[in-house]
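What follows is a pair of complexes built around chain A, which joins chain B in one and chain C in the other.
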Partner chain A sequence: MPTDAPSVLAKGVAQAAPIRPTQPRRRRSPALRKAFPYLLVAPAVAYLLVITLYPGLFAIYQSLFVVKFLTWTWAGADNYTTILQDREFWAALGNTAIIGGISLCLQTAIALTLAYFAYRDPLIRGWRIVYLMPMLFMPSAVAFIWKLAFNDGRVISDLLGRLGLIEGNVDWLGSIWLSRMTLIVADVWQWTPFLFIIFVAALQGQDQEIEEAARLDGASWPKIFWNISLPMMRPVIVVAVTLRGIDITTMFTNVFVMTQGTPGGATETMSYFIYRQGFRMFNFGYASAASVLMLILTIIIAQTVVKRAFHSGKS
Partner chain B sequence: MASIHLQNIVKRYGGFVGVQNMSLEIADEEFLVLLGPSGCGKTTTMRMIAGLEVPTDGKIMIGGEVMNDVDARDRDVAMVFQGYALYPNMSIYENIRFPLRMRGVPASEHDARIRQAAEMVELGAYLDRKPAALSGGQRQRAALARAVVRQPQVFLMDEPLSNLDAKLRQSMRVQIKHMQRQLKVTTVYVTHDQIEAMTLADRIVIMNKGAIQQVGTPDEIYSDPANTFVAGFIGSPPMNLIEGTAQGGRFNAPGVSAPCPSNVQGKVTLGIRPEDCRIGGDNVQGLVYGVEPTGDTTYLTVLAGTKKIEVKAARDYRSDIDVSIGITFDPARLYFFGQDGERIRGVA
Partner chain C sequence: MASARKSRGESLLLRYLVLGTWALVCLLPILWFLSIGFRPRTEVITPQPIFWPTFSLDAWHLLMSDWPIAMYLRNSVIAVAGSVVIDLILAIPAAYALARYDFKGREDIGFYILSTRMMAPAIVAVPIFFLFKTLGLLDSVWALMLIYAAINLSLVTWIIRSYMLDIPKELEDAARTDGASDLRILWEIIIPACLPGIITAAVIAAIFAINEFLFTLLIASTANAYTMSVALANFTGGSDGIIYNAIALVSFIAFVPILILVILIQKHLSRGLTMGAVKG
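After this line comes the complex of A and B, so read on.
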C-alpha cells in the first residue's frame, strides 16, 4: 500500500494516533488487586482493633483474676460463678431490662406516631436540625437538667402543682416506680428525636406512587400507614431500634447523675452496677466479668432480633 | 361506568402552566388516549382526573357529578402507574386483594374475583410471589389485575407499557384493548408512543405544551391533521413539512413545485406523507441523500434545496447517493398550513 498517498481514512487514523498513550499501560499485579480492598479498609480496622477489640480482650482477661490494684490473683471462673449468684447483679439486669425496655418501647411508639403525622409536611425537612438538638447536648448536661427539673429544682413538681394535679412536692426518689420513671422520661426526651428523624427519612424515601396507588384503591391514611408504609420501613425500624437498644443497655450517665441507683437499688442499671463494683469497690476482675456477661447477652439478643426480623421480612 | 367531562381545566405550578384551559368530553365506555411529547401535561391531566392533583381552575365531572372536592379514594377510579406501584411487602394475591379489602367487599367474594382478574391477565401461576420476583411484564399485568378486580367506573393508565420491550409491548397492547372491550369501562390512557395511540384508541387527544392540539379518531388524526404539530407528530416517518410560498394556485419552494388550491396564498407550509410520494415526475427535483431498507419497505430521503424529504419506496428500491431524482406528490393528499401552523382548508 502506497504510504505517500494516504486515503481519507488513513488520515483520520493518523490524526488520532497522538491521542494514544505513549507510556506503557499501567497494570496492577494480581496480588495487589486482591489485596486492594483490604488495604482500603485497613485503617478503619486498625482503629477498631485499638478502640474496641483491645479493651474487650483486656476485660475478658481481667475477668479471670481477682484484682486488687496492682496484684492480680488467678481466679479462673470464680468471678463468674460468684456473679451468677449475686442478687445485685440480677437486680441490675432486671432494672436495665425494665427501664430500658419501657423507654425503648415508648420512644419507638412516640417517634413512629410523630413521623406518621409529620412526614408529609415539607416544613419537617427544613427544620430537621431542631429535632436533633436534644442529642447534640452533652449527656451529663442533659442529666443535670433533668436532675434539676425533677429533684433539686422541683420544677416538675411545681408545674404539676400549678395544674392542680398534685399538692406539694413529689419525692421522685422516694418510690421505685417514680424514680425509674424519671430515668425513662429523660431517656425518651433525649432519644425520641433520633428515632423520629430516621423514621421520617424512611417514610419520605418511600415511593410516593405506592401511597397514591393505595389511596386510589380506597385506603385511608391510617390504613396505608399500617398496611404498606410500616411493613416497608420494617428493616429501618429493626436497625434503628436495635442500635438504640444496645445503647440503652449501657445507660449510665443519667443514673449516675440523677438517682445513683436509689431507692434501694431500684434504678441501678447494669452499667451502674459495673461502675460501682469497679470504681467504688475496686473489684476490677468482678466488674470485668459482669461486663463480659453483659456483652455476650447483648450480642445474642441483637443477633436474634436482627436475624429474625430480616428473615421473616423476606419470605 | 361513567362519562368524564373536563371543563376549562387549568393547572399552574407557580408561574408555569402545566395544563391550560383544557375541555374534553369522554363518553361512557370510550377508550381515550392522551398523546403528546414528554412534559406536555398528560400525566398532570390524568392525575387531576384521579384526584391526586387539584386543578387550579375548572371543573371535573365523572358520571355527571362534579368531582373537584371529592377525595381520590372516593372517586372510584383505578389507575395503573408507569412504575406499576405494586405493594412490595405483599404477594401478588394480596396486591390484587388490597382494593377489595379497602372497599369493604365481602371477604367471601375475594378469592373468586382475584382469580378471575388474574386469569384475565394470565397471571394465575404467580399469585404467591412478591412483586420483586416478577419480570417487568408480569408486574405490569399484576398492576392491571389490581385495577380490574374492583370494577371501577374509570380506568386511568399512565404509560403502562413504556418499561417493556417492543415485543411484549405489542402483546400487552392487544391484551389491554381486549380487556377494555370486554369490561366496557371508560378508559383514559396516556402515552407518548403514537403507535400505541393509533392501535388502542377510540379517540386520540393530541397535546402539546399543556394545550389540546386536536381531538379525533385515529383515522381523523392521521388523514386530517389540524395543524403542523399534529401532522409532524403522527406517522413514522412523520409527514414532510415544506415551507414555501403559494401564488396563483402554485406552491414553490427550493426544488419543490406543486399545485395548490387558489385560496392558499403567501407564506405557507406544504404537508405530504411519505407514502403519498412516488418516484419519478417533477414535484420535487433533488438528489438522493440516503436509502434505508427495512425489509417490507424502503425509506428514501431526497435532498431538495436544503430540505430533506422522506419517501416511502418499494421494498426493492435501491440507489446510490447524490443521484438526481424526481418525486411526484399525490395531488389529492396535499395539506397546506398557514403561517400560524393551522391547517388551511380547501374551499374548492
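After this line comes the complex of A and C, so read on.
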C-alpha cells in the first residue's frame, strides 16, 4: 500500500494540470478582490437608495413649492413656516406620541407578564400559537374587527352594560380619550404577541443553571425573575421595544379604518396627517414638508436610540 | 414540604388564570369575527348585538358573484411572491458580504440597510406615488412587487446575515484551500447551511408584504392591482355601507395560509422578528 500514496498524489497533480490554465482567471486581481464585497452589497444598496434617497430628495424639492394639481409654484420655505405654526401638525405629532406611548407601555407590560408565566409552562407551544393569532390577521382586518366591536356593532357597549359597568350606548368616537382608547386597544390586541414571542425566546435561551442555583438558595420565582432574568434580558427588551416603537409611530391603518382622526383630529397620527394633506386635500407640497420633518426626526431617532439598541443586542 | 407544595399550587392557579384570560382575550374576538363571516347581513349591525346568529353563506355568495376575489388573491400572490424573490436575490449576496468580509464602511452600510426599515411609509408615499406615476406603473401589480421588495429588503438582509454569522468559518476555509471560488462557496456551502434563516426571512417578508396597506391603497386604484389587504377597504364603499360579513370572510381566507407558514417557522420566529438580534 505504500505505492498507493504516490499514485494518488500523481493523479491529483495530473488532474490539476489541465485545470491550471483556468486558475489565473479565477484568481482575481488585488483591486477586484478589494472591490468584491462592495460588488456584493451594491445591488441591495442601490435598490434601497432609489426607494429612500430619491424620495427623500424629491420630498425636499417638492416641499419648496405650492402644488396645485399639475402646476408647481415656487414657495421657498413658506410650507415650513406655515407647518411649524400649524396646530394640526403639532397635534398629530402629540397624538402619535400619546397613543403610541401608552400602547407601547401596555404591550410591554402585558407581554412581560405573560412571558414570565408562560416560559416555564409545559403548554408553552399551545400558548404561543394562541397568542400569536391576532398578529397574523391583516392589520386592515383587525381594524375592522374593532371598528365593528366598538362602533358599528355596539358589542363592547353591550358587554359592559351586561356587567353593569355602563348604561346605554357609548359613543366611542365622541370623546377624545375614548376614541384614542379604541386605537390603543386594537394595537395592543394585535401586537402584544410580537413582544411576547421575543421575550419568551429570550427567557428560554437564558442559562437555566443560574435560576436553579437561585432556586436552591430559596429565592421565589418572582424574585428570580425581577433580580436575575429581567436584568439579563435587558438588551433583548431594548431591541424588541425599539422595533415595536418604530412601527407604532407609523400607525396608519387603524386610524384610516376606525377613526379617520375624529373627534376633531384627536386621533390623527403623523402618517394620517401626511396622507390627508397629500391625498385628500392634494396639498402635495405641504405633505412633503411634513414628510421631510418626520424624516429628520426618524434619522435622529435611528442614529441615537436604534443604533445603540442594536449594538447592545448583538453582545 | 407541605407548605412548599401549597405555594406552588397557588402560583399555578395564578399562572393559569393569567394565561387563560389572555388566551380568551385573543380568541373570543376572533371567534366572534368568524361568526360574522357566516351570518346574514341583517344580523351584523343591529340595535342589540346578536351573539347566536343564524348560519348563512350570504357573504360567500356575495364574494363569488359580485367581487373578483380570485383576482385579489392572484394579485396578492404575484406581488408577494415576486417581492420575496427580488429580496432574496439582492439580500443573500449583501448579507454574505456583511457577514464574511472585512471592508471599509461595512458597519455604516449595514446600518444604512437596517435604517431603511425605520422609515414611515407615509414619508416616502408622496414621492413614490409621483415616481410610479411618471413610470406609468400606477395601478399595477409590478409596482406593488417593487414596493414590497423595498420595504422588506432590510429585514431579509439582516436575518440572513445573522444566520450566516453562525456558520463556522472552518467549513469555508476547507473549501477555499481546495480552490473553490468565493461565489461557489456562497452557492454550495453558505446558502445550504443557512437555509433555515433564508426560509424564515422569506416567510416574515411575505407576511409583512401581505399586510402592507398604505402603499397598496395609493398605488392600486382599481381592481387591477387590489390585493387582499386593500380589498377589505373596498367593502366599505358605495351605498351598501360596510359589508362586514364579507370582510370577515376575506380576513379568514388570508389568515389561514399565514398561520400555516408561521407554524412552520415557529422556532425561528423570535429571531426573525428582531432581524436576527435575538437568538431564540
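Everything below uses one rule, namely that the second predicted complex is superposed on the first by the 264 of 315 C-alpha atoms of A that agree within 3 Å, B and C clash if a C-alpha of one lies under 4 Å from a C-alpha of the other, contacts with A are read in each partner's own complex, and residues count from 1 in each chain.
What we mean here is this: a residue touches a chain if its C-beta (ideal position, glycine included) is under 8 Å from a C-beta of that chain, and two chains touch if they have at least 3 such contacts.
Source: prediction; values computed, not measured.
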In the superposition on chain A, see if there is space for chain B and chain C together, and answer fit or clash.
fit
Which superposed partner A:Asp207 touches (first chain B, second chain C, both, neither)
first
Pick one for A:Arg215: touches chain B only (first), chain C only (second), both, or neither.
first
Counting residues of chain A touched by each of chain B and chain C, the higher count belongs to C
Scan A:Asn227 for contacts with chain B and chain C and give back first, second, both or neither.
first
Using C-alpha centres only, what angle sits at chain A with arms pointing to chain B and chain C? Round to the nearest 10 degrees.
90
With the superposition applied, I'd like the minimum CA-CA separation between chain B and chain C in Å.
5
Overlap of the chain B and chain C footprints on chain A, residue-wise?
none
Looking at the complex, which residues from chain A come into contact with chain B?
207, 209-210, 212-220, 223, 227-228, 231-232, 234
Contact residues on chain C for chain A in the complex?
11, 14-15, 18-19, 22-23, 25-27, 29-30, 32-33, 36, 44-45, 47-49, 89-91, 93-94, 96-98, 101, 103, 106, 109, 111-131, 146-147, 149-150, 153-154, 157, 179, 181-182, 207, 210-211, 213-214, 217-218, 228-230, 232-233, 236, 242, 244, 247-248, 250-251, 254-255, 258-259, 262-263, 266, 269-271, 273-275, 277-280
With touch defined as at the start, can you tell me which chain B residues reach chain A in the complex?
50-52, 72-73, 75, 77-79, 81-83, 85-89, 98-99, 102-103, 146, 150
Could you pull out which chain A residues touch chain C in their complex?
23, 26, 34, 36-38, 40-41, 43-45, 47-48, 51-52, 54-56, 58-59, 62, 110, 113-114, 117-118, 121, 125, 127-134, 136-141, 144-149, 152-155, 158, 189, 193-194, 197-198, 200-202, 204-205, 221, 236, 239-240, 243, 246, 249-250, 252-253, 256-257, 270-272, 274-275, 278-279, 284, 287-288, 291, 294-295, 298-299, 301-302, 306-307, 310, 313-314
